[in-house]
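The same chain A turns up in both complexes below, where it pairs with chain B and then with chain C.
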Partner chain A sequence: MRDEDVFIELDGVEKVFEVRRKTGFMKRERRTVRAVDSISFRVARGEMVGYIGPNGAGKSTTIKMLTGILTPSGGRLRVAGIDPSRERTRLAHRIGVVFGQRTTLWWDLPLIDSYKLMHRMYRIPDARYRENLDRLVELLDLGDLLDVPVRQLSLGQRMRGDIAAALLHDPEVLYLDEPTIGLDVISKAKVRDFLRELNTERGTTVLLTTHDLQDIEQLCSRVMVIDHGRMMYDGPLAGLHEVGESERTLVVDLERELPPIEAPPARVVKVEGPRQWLAFPAAESAAVLVARIAAEYPLVDLSVREPDIEAVIAKMYAEQADRAERAIS
Partner chain B sequence: MGSGRLYLTVAAGGFRRYATYRLATAAGVFTNTVFGVILVYTYLALWDEKPHLGGYDQAQAVTYVWLGQCLYATLAIQGGGAEKDLMERIRTGEIAVDLYRPADLQLWWMAGDMGRALFQMLGRGVVPFLFGALFFPMALPTAVTPWAAFVITLLLAAVVSFAIRYLAALSVFWLMDGMGVNQALMITGIFFSGMVLPLNAFPGVLGEIVRALPWAAQIQMPADVLMGETAPLGAFAFQAAWAVALLAAGRLLQSVATRRVVVQGG
Partner chain C sequence: MAERSALLEGLRAYRLIAGMWVRSSMTYRTSFAVTVLGNLMVTGLDFVAILLMFSQVDSLGGWSLPEIALLYGLSATSFGLADLVLGSMDVLGGRMRDGSFDTLLVRPAPVLAQIGADHFALRRLGRITQGALVLGWALVSVEVEWTAGKVLLVPLMLVSGAAIFCAFFVAGAAFQILAQDAAEVQNAFTYGGTTLLQYPPTVFGKDLVRGVTFMLPLAFVNWVPAAYVLGRPYPLALPSWTAFVSPLVAVACCALAGLAWRAGLRSYRSTGS
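Right, the complex of A and B next:
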């Protein structure tokens, strides 16, 4: 990416928490947690990036640093050229944030009241406020909800309400921390469609964390994986397969029950009567493998199953945990 | 100017939010009325024994009681205003949402608390006061000036009250739990505001001390201004001085808290 396109820039950013724990009567133990451990990345204007990792990986901590509510313990961080923790208020006018588990809306009051508050808070010119509100209400399907007190909204409705609240002031970047958590399939689809449109039509930069890999598959061309505060992977989603050494599965139906097929590097992982399952590296050609099997075995039918991104990532997390364990013992 | 409208909106939100708790408001009106009656008869018995206690005659003592009941919720004498929400938000980490907003934390919470106070005054405080004025002899001024001065002293009282509770709430950034602070707020609020007995009636050195503490700005000052027991300008100065000092302390603590202390939770 060209230098002038860079919108978010992290250089060896760290966040160390000091935790004090009671270990007995009047005894306290100090311990430090490296929530973010020397992370570097750049996001260009208009990108839509997935930021994933297991629980406690440091995703939310990173987002808090990006909004300026946490100060990094080390490293350099810039958003739109601004140091967020130093100029939090100035930056606030240019960013939008949705914490899926929290709400920025007034709990006891109708949804519209919170929007009127945003109008004043971000000093949005009247015409632009009305235009944005109309657009967001339509796209996020909020029409019937504006007069409903927020505490009476369902989780999915509230989430859409929160997303609208974060966008009324036309932020250049939107940070979403688990925007689909707890939503049903239809609500998730609504949120995803909306985010895709926001990114493509309006060019809003989006950084999103999630535990639902479908969010990433459907929205992000680029994904960053972190674990224990360290960057494990940064690149296109497809590339994860190579890094994760993922495997595809070939399911073959033979004419009759036969001993396991021998066709390295594929290996049989399951046999059920005349049907056999073979696993092979995702990078290998399925066509070559099928041709070889067809030449030697009485093949009736076959299908190829693509690797499950979820499995790839699970494997990646597990390997990382293994390595960490070995390092300790 | 632009931000003035923001904080007005926040105050209006605070007002409307408390207006949605109708049952709690009705229960509050009932409680304050019953409490007022009990306290009035207690005071009357006490003033029979010690006429002119604290410089008040019986009608003034009765007025003091009903004013206390009127201001009890308005000034969140035993807590339960904005600071309660603030503590909860700090404890759970919700405060993160408040922090990334382009607004001043202290003004934001003060505006919300002022809206609450106004609602508590109109919705909950006025009725017991009118009830008292209807059924008991009270020492209320008939001229406009004391009432005007009373309004100003109420406003200042609300600011002092908020400033005390804001300081207390910020301590949760370090303590991680508001239980102890809330109890301390409640006890100091009830005792030092003169909810139990007018501060004027406290004897000797103890009296000197409690009348100099910020809590004296809450019920004692408005009562004395209303009943002409003290010069309004002196009362304003006393209240304003505490308001400025406590708000400044809150501001200092807030900047330390948001810089050094960490927001809880993912």
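Right, the complex of A and C next:
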């Protein structure tokens, strides 16, 4: 990543909360919680990054610091060269934010009214507003919804409406917090198609947090995993499999029932008539394995199943915990 | 310069958001009409209570009915103005709990203006109308030798009073951030304050009068300047020039409230709660 391409920059960013808890009448216990613990990463202009981790891992806290809502307790943080907590309103013109579970649209008013408010609040030049609105309406399929009061929209329609509202002022980066939560399959696909288009066509930098690993698989070339406020992994999705030592599954249909196939390092995990399931390390090439099996066995059909990232992450956590335990004992 | 443009930006954002709330409420026209009427009637009952008292006695704390109506009208109208402008700041606690407060912080507009305009409701005109009616009746009924100074003092009292109550709303909101969901504490000071001021200072204990003069300067909303207009002794035997310091008191209150709000917002942004 060249220096001039860096758009988001975090250096040892920390966020410490002091939590006061009632422990009895008039008695309070103070406890400090490290929600984000010395996180560093860089995101280049035009990247699309997935930010994942369990609940309470520090994802939302990071997003809130990036958008200027929260002030970091330590470290250095820059977005487009701006310190978000110091110049919140200046930054606001350059970023778009979608909070999945909180709509910013006006409940009782037609959808278009919310857009008109954005037009004036962000002082978007008329021509650019018209152009952006037309494009977003077309891409997000909002044409028939503009005159409908927001309260009558479905969850998926509202999410599309919210995404359009966040993009009318041409932000350079879009933060999405759980953009597909609660959406049906078709709505999810529409949102993902749009985000891909936004990223490739307009070059908008996208950072999204999600629980839906399909979002990451289909959209992000890079994924960051955070837990207990620490960065656990930052790299390509494929690499996550290696770190988690996950396995892919090769399903083969043979001409007839045969004894379990022998093709190390793959091992047969299940046999059902002529169909056999073989597990092999995700880092191994499937092509080599398939070629070897095809040469020795009467092959009719086959398919490769990618490991579920959720399982990969769970495994990664388990290993970390294991190592921590061993370190203690 | 930066302060001035922040103020203009704030007013602009306030106007935009308040306009959206008015449009929202107009989607339920009947409901709007009913609440305006209801508001007018409920606040009207307030004054009916005072009328009932006067059906039994000729004066209250030495003040006649038109004189008390003047106090009532001044307090109710200036509070009504503040309530119209910033009356929904008690929704702040709820917005912080459900997380929607964060969505205001990513907008290119001052947060105070956004939260001030939140749930802006024209139905609050009911309270102002009722207060203004009582004030109008009081002004023609009191036996006063009107001078230029006394005439000038009336609008001055209304504006200063509204500003003092606005400062209370803002300070209350700042306190809500720190204490989390202290809307009731805020209401005790704002709504409680206006009820207090509807009666003459002579009916209250001296310590209370001292408190609302020097600690929470409510006395400058109407008690002190109205004493000048009516030619009555000042509460706490204050010197006569104090009748004209209400605008200064209002400016000081607003400045303090502004500082409190900044401190509150800074605290929210460092604690996230």
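Just so we're on the same page, the second predicted complex is superposed on the first by the 261 of 329 C-alpha atoms of A that agree within 3 Å, B and C clash if a C-alpha of one lies under 4 Å from a C-alpha of the other, contacts with A are read in each partner's own complex, and residues count from 1 in each chain.
Heads up, the rule we're going with is that a contact is a pair of C-beta atoms (placed from the backbone, for glycine too) under 8 Å apart; a residue touches a chain by one contact, two chains touch by 3 or more.
Here the structure is a predicted model, which means the values were calculated and not measured.
Q: After lining up the shared chain so the two structures overlap, which partner does A:Tyr297 touch, if you call chain B first and chain C second: first, second, both or neither?
A: Neither partner.
Q: Just chain B (first), just chain C (second), both, or neither: which does A:Trp277 touch?
A: A:Trp277: touches no partner chain.
Q: Contact-wise, after the overlay, does A:His93 reach chain B, chain C, both or neither (first, second, both, neither)?
A: Both: A:His93 reaches chain B and chain C.
Q: Quick one: is A:Ser73 in contact with chain B, with chain C, with both, or with neither? Answer first, second, both or neither.
A: The second partner, chain C, only.
Q: With both complexes overlaid on chain A, does A:Leu117 touch chain B (first), chain C (second), both or neither?
A: both
Q: Which residues of chain A are in contact with chain B in one complex and with chain C in the other?
A: Touching chain B and chain C on chain A: residues 17, 64, 67-71, 88-90, 92-93, 95, 97, 99, 101-102, 104, 106, 108-109, 113, 117, 120-122, 149.
Q: Over in the complex, which chain B residues touch chain A? Could you list them?
A: Residue list for chain B touching chain A: 2, 5-6, 9-10, 13, 16-17, 20, 93-94, 96-97, 99-103, 258-259, 262-263, 266.
Q: Provide the residue numbers of chain A that touch chain C in the complex, in ascending order.
A: Against chain C, the touching part of chain A is residues 17-18, 61, 64, 67-71, 73, 85, 88-90, 92-93, 95, 97, 99, 101-102, 104, 106-109, 113, 117, 120-122, 149.
Q: Quick check: in the complex, which residue numbers of chain C touch chain A?
A: 9, 13, 16-17, 20, 23-24, 27-28, 98-100, 102-103, 105-110, 266, 269-273
Q: Considering only the defined contacts, which chain A positions touch chain B in the complex?
A: 17, 59-60, 64, 67-71, 88-90, 92-93, 95, 97, 99, 101-104, 106, 108-109, 113, 116-117, 120-123, 149, 177
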